[in-house]
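Take a look at the structure set out below.
The letters A, B, C, D, E and F name the chains in turn, as written, and every chain counts its residues from 1.
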Amino acid sequence: MATVRIWSDAEAEADAHVKAVFDDIRATRKTDFVNNVWRALANQPAVLESTWAQVKQVMTRPGALDPVTREMIYMAVSIANGCEYCVHSHTAGARAKGMTDEMLGELLAIVGLAAQTNALVTALQVPVDPEFKA
Amino acid sequence: MATVRIWSDAEAEADAHVKAVFDDIRATRKTDFVNNVWRALANQPAVLESTWAQVKQVMTRPGALDPVTREMIYMAVSIANGCEYCVHSHTAGARAKGMTDEMLGELLAIVGLAAQTNALVTALQVPVDPEFKA
Amino acid sequence: MATVRIWSDAEAEADAHVKAVFDDIRATRKTDFVNNVWRALANQPAVLESTWAQVKQVMTRPGALDPVTREMIYMAVSIANGCEYCVHSHTAGARAKGMTDEMLGELLAIVGLAAQTNALVTALQVPVDPEFKA
Amino acid sequence: MATVRIWSDAEAEADAHVKAVFDDIRATRKTDFVNNVWRALANQPAVLESTWAQVKQVMTRPGALDPVTREMIYMAVSIANGCEYCVHSHTAGARAKGMTDEMLGELLAIVGLAAQTNALVTALQVPVDPEFKA
Amino acid sequence: MATVRIWSDAEAEADAHVKAVFDDIRATRKTDFVNNVWRALANQPAVLESTWAQVKQVMTRPGALDPVTREMIYMAVSIANGCEYCVHSHTAGARAKGMTDEMLGELLAIVGLAAQTNALVTALQVPVDPEFKA
Amino acid sequence: MATVRIWSDAEAEADAHVKAVFDDIRATRKTDFVNNVWRALANQPAVLESTWAQVKQVMTRPGALDPVTREMIYMAVSIANGCEYCVHSHTAGARAKGMTDEMLGELLAIVGLAAQTNALVTALQVPVDPEFKA
C-alpha cells in the first residue's frame, strides 16, 4: 500500500499539470501505459515534473550508452539500494529494451560479486592504491 | 589504514597458496600490478582463493556483456554501497577497458537519478504494477 | 508476516512488564492505539522497555525542535534506510503532528536530491573542503 | 583523493559553461566560496548544471520549510547514506543557517534512534498497521 | 512476486544441472525442503551452482564458529541490508540450529545498538584511534 | 576530521557529566584508554550518557551470548553499514575478546556471502516461503 493516493486516469485528466506530464510520458514511450510511480508522484506536481524531466533526459536522449546498458545500470543501483518497486520496473524496462536471459545472468553474477567484494573491502579497510589516483 | 597486514611481494612469494593466486592475477591481467585488495585478503588464503576465482570467472570469461559494461555495472553497485576503495578500483578498471568521459558522464547521471527515484519510490511506498509481473 | 508473534491486547494484559509499557504508551500518546512495532517487541520485554524509554525521551520531551520537525527527520532516515514499516508509521506520525502536503512535497524534494548528490559525491570521491573543519 | 580532477578557479574561468554555474553559485549564496563538489562535477558540465539547478530550486526557493530545517533533513539523509563529504558540507550548512548545539544534539538523538528502530523493525518484519493506510 | 519464474520440483527434475544442485541441497541438509531462493536461481544455472557451492562451503564445513553463530552473523548482515527474504530464511535457520529466545533478544539488542552507534559515529565523523591500527 | 571537537582528558575532567561517564568507561573496561567516539559524543552529554548506558548494558552484562560473539555480530553490522570507525573499533574489540585469525576468516566468508546472496535475493524478489512463518 502507498502512503499517498495513486491517481487514476480520470483524476489525471482533470489536472492540467499532471495531464501534461502523463501525455508526455505516453508520447515519449509510445505506449498508453503509465506506471504507478508517476501516479503516486502526481500528488506533488512540482516533484512529478522535475522527476519526469530528468528521467526523459537521462534515459531517452541519444548518447554514448545504449538503452539496455542504461537500464541495466539503473537495475544495479536499484538492487543495491533494495528498492522493490524499482527492481521490478527496471528489470521490466531492461527486458523491453533487449536484455536476454544470458545478459541477466551475467548482471546477477556481477551485482552479487560486487556486493561481496564491497563487504570484504569494507571489513578489511583496504587502503586505496596510489596507482588509482586520477 | 587497514585492519589487517597488507602483504608485500616478498611475503607473497614466501607463501605457496598466496603466490599461486598472485601469479594467476598477473598472468590473467597481463600486468605485474597486484592491487591492495589481494594483498589484504592474503591474510586469509581460503577467502583469497575463492574471491579471485569468482572475479576471474565473472569479469574475464567471454559472454554477452563486454568488459567495459561489466566494469560500469560493478562501479554502479560500488557507488550505491558507498565503498571508497571499490569506487576507485572499478573506475580505474572501467577507464582501462575503454570508458570515455562521455560514458562516465552518462553513468553518473543514471546513478544519481536512480538514487533519487529509489528514494522517492521508497518514501511513497509505490505498489508494484501488475504489468511488471514475470 | 513477522518473524515473531504480534501480541494481542489480551496477551499484553496478562504480562506485567508488557502491560506497563503498553499502558505508558497509551497515556503518553493519549490514544488507545498501540501500533504493531510494540506488539512485536513484546516478545523481548527488555528490548521493548529500552526502546520505548528512548522513543518517549527523544520524541516527546520538550526541546529545541518541534514535534513535526522531529517526525520529518525520522521519516528522512527511515526512507534512506528503506524501512517500509517505519516509512508508514512516521509519515502517519508527521501528518498527525501537522505536516501539510506542501511540507511533504518539500521533504520529498530534499530527500530525493540528497540521495542523488550523496551518490554523485561518492562516485567522484570528492575531498572534504578544509573550510568545513570543525 | 578524487576520481576526477578538482577544478581551480582559473580553470573554471576558462570554460563558459562551468563559469556560468560558478558565478550563479556565488551570486545565490552571496559568498566567493565554491566548495569541492562543484569543482569535481565541473568535469561533466551537463551533470553540473542539472545538479546545481536542483540544489538552487530545492534549497533556496521560499516554501513551507525554513532553511535550517531543510539542511537538517539533508544532514539526516547524508548520515543514513554514510556520505562523509555530504555530512561535513551539510553540517556546516546547517550551522551557517542557525542550527545550535541543542538542535544538533536533538538531531543526533533522532537519527540514532531511527537507525536503531529501523533495524529492529526489519529484524522482526513488523506488518504495517491498517491504521497507517493513506 | 518474483522477477523470474519459481521452479517447481517437476521442472527441476527435468533439468540435469538444476536437479544436481537440488539433490545436493537435500542430501546436505537432510531434508526434502528446497526453499524459494534456489527455485528462483534455477533460471540461471551457473549462478545457482556457484551460489550453492559457496553456501555449502561457508555454512556447513567444520570450523572455528559453530552453526548457530554462523547463522546469527548471517542474520545480522541481512537485517542491516534490509533483505526481507533473507531475514526470514536466516531467522528460521538460526532457530533450527539452536537459537533460543534469549539469544534472539541479545542479538536484537546488539543489532539495534550497532545501527544506532554506526549512525552517531558517521554523523560526527569520528577519527579512528591510532590504538586500533593493525 | 570530525564535525565536532574531540575532548581531551583535561577537558573531560572539567565537566562533571562527562567525567562521570569517562570514569565509568574506565572502571567497566578496566583500562585507562577512552576511545574517540566517547570524546566526540562528549559535546552532547545527554547523548553520551544514553549511548554509554546502552553499550554497557548490551555488551557487558552476562547473558546467553559470550563477549566475542557479541563483538563479531557488532562487527558484521558495522561492515554492512560501511562505518569505517566502527569496523576498526569492533575488530579491535573482537580481537581483544579472543577472536582468532581462523574466526576472522570465517566471519569474512559469512559476511561476504551474505552480502552476495542478499543482493541476488533482492534482484530476483524471491517470495518468502510459507515454511518460514513464525
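By definition in this document, a residue touches a chain if its C-beta (ideal position, glycine included) is under 8 Å from a C-beta of that chain, and two chains touch if they have at least 3 such contacts.
Each chain and its UniProt protein: A, B, C, D, E, F = Putative peroxidase-related enzyme.
Predicted model, so just to flag it, every value in this text is computed and none were measured.
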Each chain counted as touching subunit B and subunit C at once: A, D, E, F
Contact-richer chain pair [B-D vs C-D]: C-D
Whole-Å gap separating subunit B and subunit F, where each centre is the average of the chain's CA atoms: 27
Chain centre separation in whole Å, for subunit B relative to subunit A (CA means): 21
Inter-centroid spacing, subunit E versus subunit D (mean Cα positions, whole Å): 35
Junction residues of subunit D - those touching two or more other chains: 1-4, 47, 50-51, 54, 57, 77, 79-84, 87-88, 91, 107-109, 111-120, 122-125, 128, 132
Overall pattern in which the protein chains touch one another (line/ring/star/complete/other): complete
Of subunit A, residues touching subunit B in the complex: 1-4, 6, 33, 35-37, 40-41, 47, 51, 54-55, 57-59, 63-65, 69-70, 72-74, 76-81, 83-86, 88-92, 100, 102-103, 106-107, 109-111, 113-118, 120-129, 131-132
Residues of subunit F defined as touching subunit D within the complex: 1, 3, 43-44, 46-47, 50-51, 77, 81-83
Contact set on subunit C toward subunit B in their complex: 75, 79-80, 82, 84, 87-88, 91, 107-108, 111-120, 122-125
Subunit F residues within the subunit C interface of the complex: 1-5, 50, 54, 57, 128, 132-134
Subunit B contact footprint on subunit F (complex, rising order): 82, 87-88, 91, 101, 104-105, 108-109, 112, 119
